[in-house]
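I have a structure I would like to understand better, so I am pasting it below and will then ask my questions one at a time.
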Amino acid sequence: MKVRDFKPVSNVDRLVKQLRYTAFNGRALAEAVDILEEMVSDQNTIRLLGFAGALIPAGFRRVIAEFIGSGFFHAVVTTGANVTHDLAMALGGEVHQLQKAIPDAALRRMGRMRIYDLYTSSKSFLLLERFLKKALESLRDGVYSTYELLKHLGSLVDDENSFVAAAARQDVKIIVPAFYDSILGVQFWTLTQGRNLKIDLSKDLSWLVNLQFDAKGRDRSVGAFILGGGVPKNFIFQSALIADHPLRYVVQITVDVPEYGGLSGATLEEAKSWGKISSKAKVATVYCDYTIALPIIASVLFIRAKRIKA
Amino acid sequence: MKVRDFKPVSNVDRLVKQLRYTAFNGRALAEAVDILEEMVSDQNTIRLLGFAGALIPAGFRRVIAEFIGSGFFHAVVTTGANVTHDLAMALGGEVHQLQKAIPDAALRRMGRMRIYDLYTSSKSFLLLERFLKKALESLRDGVYSTYELLKHLGSLVDDENSFVAAAARQDVKIIVPAFYDSILGVQFWTLTQGRNLKIDLSKDLSWLVNLQFDAKGRDRSVGAFILGGGVPKNFIFQSALIADHPLRYVVQITVDVPEYGGLSGATLEEAKSWGKISSKAKVATVYCDYTIALPIIASVLFIRAKRIKA
Amino acid sequence: MKVRDFKPVSNVDRLVKQLRYTAFNGRALAEAVDILEEMVSDQNTIRLLGFAGALIPAGFRRVIAEFIGSGFFHAVVTTGANVTHDLAMALGGEVHQLQKAIPDAALRRMGRMRIYDLYTSSKSFLLLERFLKKALESLRDGVYSTYELLKHLGSLVDDENSFVAAAARQDVKIIVPAFYDSILGVQFWTLTQGRNLKIDLSKDLSWLVNLQFDAKGRDRSVGAFILGGGVPKNFIFQSALIADHPLRYVVQITVDVPEYGGLSGATLEEAKSWGKISSKAKVATVYCDYTIALPIIASVLFIRAKRIKA
Amino acid sequence: MKVRDFKPVSNVDRLVKQLRYTAFNGRALAEAVDILEEMVSDQNTIRLLGFAGALIPAGFRRVIAEFIGSGFFHAVVTTGANVTHDLAMALGGEVHQLQKAIPDAALRRMGRMRIYDLYTSSKSFLLLERFLKKALESLRDGVYSTYELLKHLGSLVDDENSFVAAAARQDVKIIVPAFYDSILGVQFWTLTQGRNLKIDLSKDLSWLVNLQFDAKGRDRSVGAFILGGGVPKNFIFQSALIADHPLRYVVQITVDVPEYGGLSGATLEEAKSWGKISSKAKVATVYCDYTIALPIIASVLFIRAKRIKA
C-alpha cells in the first residue's frame, strides 16, 4: 500500500481513515480503530475491556460509561484506583488541573494530592468513605467477588458519567484483581472489621475463566481492548490461556515498550507464543498516551456505530 | 480548573477543546493548539518550524506544505533526510507500507529499504539523482546556503504536496544544518566533484541569527513549533540564544523524555535557564508520536483559521 | 559539586563511587546505592522490598535471596509471576535464552513460551502444579494470607537460590496483592476447588499496615526499595499513607517515566504531596533496566557490607 | 542457553560475564562488551566511534580520551556541543552538579545554564572564545574540514582528559557533521567574519567515505560503536551505505526505541535492509542511559585489554 499524503480535515473519522495510509503510530491508531469497529459489531464475540493508569481522574469516565452503555463490552478488568476515583467523582469529589508548578511539599501543606498535572483532596475520599459505610450497611454478610460488590455500589450511584453505575445498570461485570491495592479496598477493609463480609477474588477469576471457557464451547470468539498494561492486561490474557481459548481481537494502547522485558510492554506477538492470542488474531498496538488515543478512538467508534452524528 | 469528563464528538476542533479540561498529554495537546493558534495569528511574531525524524516519508509532506502555503511560518529547519524524501516523492518516488513482518535480510534481497513499517527503494534515490544532476547544471558555480540551494530545487519541482516546492513559491527559507548527513547531501557532493559549487552552512546560520536579531530590533517576538528533537530543535534554540532574543512561543511534540539528559528530550523550562526561551513565554510539550499529534494539530489550526470547514 | 571525569576501574564499588560525580542516571545510581547502604544498616528502620516485572526468570532470584538472607529487608511485595517463576525454577523448571529471532507462531508450535529474549515451557508449570498439589495436601483448611501460603511453600523448597525459600527460612513475609493474577494463583484456585482453603488478601493488607503503624508508634522509620512499578510500588506506598507514617528512604529503579501520568512512572516527589513519602526523606530514582542496575547495586551493597570481598 | 542466577561480585568484568547468562538489557550489555572486545582487537577492522547527547559535560571525556589513546578507534563522529564542552572543560570551564531543584528562571538570574541535573555558566564559553580567537590567529586562511580544525585546536590544548587533545596526538579524526549547530561553530563563525577561513563539511564526508571505500578495497571490515542516536549514528551508517561496504560490528547504546519510527531509535536489523550493516554482522543494542552503560563497558574493555588491573 502506497503512503498517501495526509490532508487536514475537520471530521475525526475522516482524519483517522487517512491515517490508515500513513505510518508508525498514526497508522497503528487507524488499524486499531478498524479492528475495534469490527470487534464491537461482531455479535459472535465476547468483548473485554481492560484499563490501568489514571484514566478516570484524567477525565475519561464518561467514555468508559458510554462504551458500556452501548453494549461494546461484556466485562471490564481494571485497577482499584480507577474504581475509587469513579465513585468519588460521582459523589461530588473533585479533581482539578494544576495550573502551575508548585513544590510537592507545598501541595502537601495545602492538602492537595498530586497526580502529575492534576490534584485531588482527601475530601473526595471522605465522600467515598461515607458512601461506602452506608452501602455496606445494606449488604448482608457473606463472601463476594469484586464484581458483585461493585454492582451493589454502582446501583447506589446516580451519575450518568460513572462507569461503575453504567456497568451496574447493564449488568456488565467489573473485576478488580488487586482490590486491596486501592483506597476503596482499604476503606472496605476498615469498614468490615468485625463483620463477616469478605472479598474472594477467586470468584472473579472463576467467572472470567468460565466466560471464556463457555465462549469456546459455543464457538464464540473473545476480544480485548487494553488501555495501559499492569494487572488488567495480564489478568485478561491469563484467563484466555487458562480457558485455552486464544483471543481473536486485541488492541492495546500503551506507552510501555517491549525492550525492557516486562509484561506491560510485551508485544501482542509474544502473547501468541503462549496461546493467549490466536496466531490468526487481528491485533494492533498503539504507542501513545491514552489521553490522546482514547478520545479519538471512542469518537470514531461512536461515529461508525451511528451513535453520534458524523 | 475542574476536570470535565470527555464526551465523544465528531469534530476534531471540539474534540481538542474538550481535551483542554482533561490531563496529561491530552491536556497538553489542547494547550499546544491554543498556543500555536495564537502564534500563527500574531502578526508581530516571526515563526519558525523545526522538524526531525521520518515525518515526510510517513505521509505528512502536504501538512507542512499547507503550513507554508498558509503563511504560518517564515522559516523551516529540518534534516536532510526529510528534504531528500520530499523531493524524491515529488519526482514519483514511492514509499509503501509494509504489510507484514519480513526479515530485513530478505527485504535487502528484494531491494526494499525499511523505515520501521514502511519501505522505499533505490529507484526513489535514482529519480532524485537524475533530477539533481539537471538542476545543478542550471546552477552557476558559487557558494550557496542550503536555503538557496533548496529554493532552486523547489522551484523546479511541480507537486502541490511538496513542502520544498511550497517554500520556494512563498520564499520561505529551508535550512538543513547537517546537510551532508543525507542522501541529497551525498548526491550533491558526488555531482559537484570538480566544480566550484559549494555549500556554506555559515550562510544559513547568519541568516537565521540575523532574522532574530532583526526581530529583536523591531520589537517583534519569535516563536517556534518543534516536531521531534535533534539538530533542528537545537539550531533554532541556539539562534535565539545568539541573537539574545528569547523565544516567546514554543510548542514541541516529542517522544524523547528529559530523564536521560539529552537535548532532544530537554524540557522547555531548561531552555529558559539558557535564555533560549523567555521566562514569560507560552510553552507546551506534548509527549506523543507526531504521526498522531500533527494531523490533529494541523486540522484544528486550519479549522480555526477558517481554511477548512468546521 | 564539580563534575569529575570518570576513569575506568575494575572494582564495581569504586566504579559507582566515581559515578557520584557524574550526571543523569549514572549519578542517580550512585546516590541510590548510598541511600540503600544507609537504609540497610539503619537498625531503626523497617525495610521493604517491592518488585514487579520479569526479574526472576531474568536470572535475579539469587540476588533477592541474598538480600533476604542478609537481613536487608523485613518484607517483600511482589507479583504472582515472580513467585511462580522462583518456585518453578527451584523445582527444576528451566528458563532459556532465545538465541535468534523465531516467529512467535513457530515458538508456539515448539511449546516455547516467550518472555522477550527468554523462553520457558509448560514443563515448568507442570512441575509447579505437582509440587503445589502435594504442598496443599499438607495444609489444613482455613483462611490464609499470601505470606502464610508462601511461607509454607518456601519451607518445602530446597534451593539456596530461591527467594521464596530464603524468606521462609528468615521469616520474611512475601506479599502478593494480585495473587490470582498468576499461574500460581490459578493453580491454587484449581487445586482447592471443593476444599475450604482460601486466600484472604485483607490479611496481607492488615499485616503490612500494622507493621508500619507499629513502626510509627516505636519511632522507627520505614524505607523501601522498589524495582519496577505496578502493584508492588502502589501497595507499599499506600500502606505508608494508611499508617500515616511517610517513608524515610525510597529508591526506585524503573523505566517508566512520569510524563504519561501513571502511578508506575510517578515521581517520588509526587508521593510527598500524598504523605506517602516524608518531605525529609532520602530518595533516588534511577531510570534504567534493572537487569543492569540491580546487579551493580547488589554487588556494591554486599561489598560495603563486607559480605563479599572488595 | 539456560539462564543462570546472578551472584553479586566485586569485579566488573566478572559482573558483566555473568550478565551474559541473564536477560533483557543486562544480557545485551554483556553481548555488547564481547562484540566490542572482539572489534577493538581485530587488527583488520577500521573502527568508528559515534556519540551524541551530553556525554562530555556528564563526566565521560576521559573515557573517550582513553579509548582514543588506546588505539581503539580510527575516527570519531560527534556533535558540536560535545566538542565545545570538551574544550571548555580543558580550558578550566566548570560543570557542576545541581544539588536541589531550583526554578529555571532563578537559575537564569544566577547565570547558571542547566543541563538536566548539571549546570554550566557563560564563563566556560568565554574561556573557549578567548582560546579560539588565539587559535584562529595561528591558522592561515583556507578551507578546512572539521577534523582539520579540531586537530589544530586539540594540539593547542594541554589536558590529558580532553578527547579532542587525545585525538590530535593520535591523529584520530574528529568529524562534526552539524558543526554550526554548536557554540563552537557559532564562535568560529563570529571570529572568522571578514576572513577567508571556511569550514567545508564535504571534506569530512569525503574522508569518511574514502576511509570505508579504501577498507573495502583492502578486504578490511569496518565496525562502529554508537552512543546515542542523531547525526553521528546516521552519518556513520550513511558512509557505509555510500561506500557500499556494510558494517561488520555494530554496538549501540541508546534510550531511543524503534516504536516511533525515527532513525535514532531504529534497530540495527533495519539498517541491514539498507545495506548499512552486513547481514552477517555482529550487533548488539543496549537500551540504557550511557552514563551507566559506558563506564561499565569501558572498564571491562580496559580490563580485558590488560590496560587496567583486574
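Read from first to last, the chains carry the letters A, B, C and D; within each, the first residue is number 1.
Operating definition for what follows: contacts are C-beta pairs under 8 Å (C-beta built on N, C-alpha and C of every residue); 3 or more make two chains touch, one makes a residue touch a chain.
This one's a predicted model, so the numbers in the text were calculated from it and none came from an experiment.
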Common touching chains of subunit C and subunit B: A, D
Classification of the subunit A:subunit B interface as same or different, half of numbers criterion: same
Farthest chain (mean CA position) relative to subunit D: A
Approximate Å spacing (C-alpha centroids) for the pair subunit B, subunit D: 26
Geometric centre distance via CA averages, subunit D-subunit C, whole Å: 36
For subunit C, residues contacting two or more additional chains: 23-25, 54, 58, 103, 115-118, 259-261, 287, 289, 291
In the complex, subunit B residues that touch subunit D: 52-54, 58, 81, 103-105, 107-108, 112-119, 177-183, 185-186, 189, 192, 198-202, 204-206, 209, 228, 230-231, 234-235, 238, 242, 255-256, 258, 260-264, 266, 269-275, 279, 289, 291
Residues of subunit C that touch subunit B when the two form their complex: 23-25, 101, 103, 257, 259-261, 287
Residues of subunit C defined as touching subunit D within the complex: 1-13, 15, 18-19, 21-27, 29, 54, 57-63, 66, 94-97, 99, 115-118, 161, 286-289, 291-293, 295-296, 298-299, 301-303, 307-310
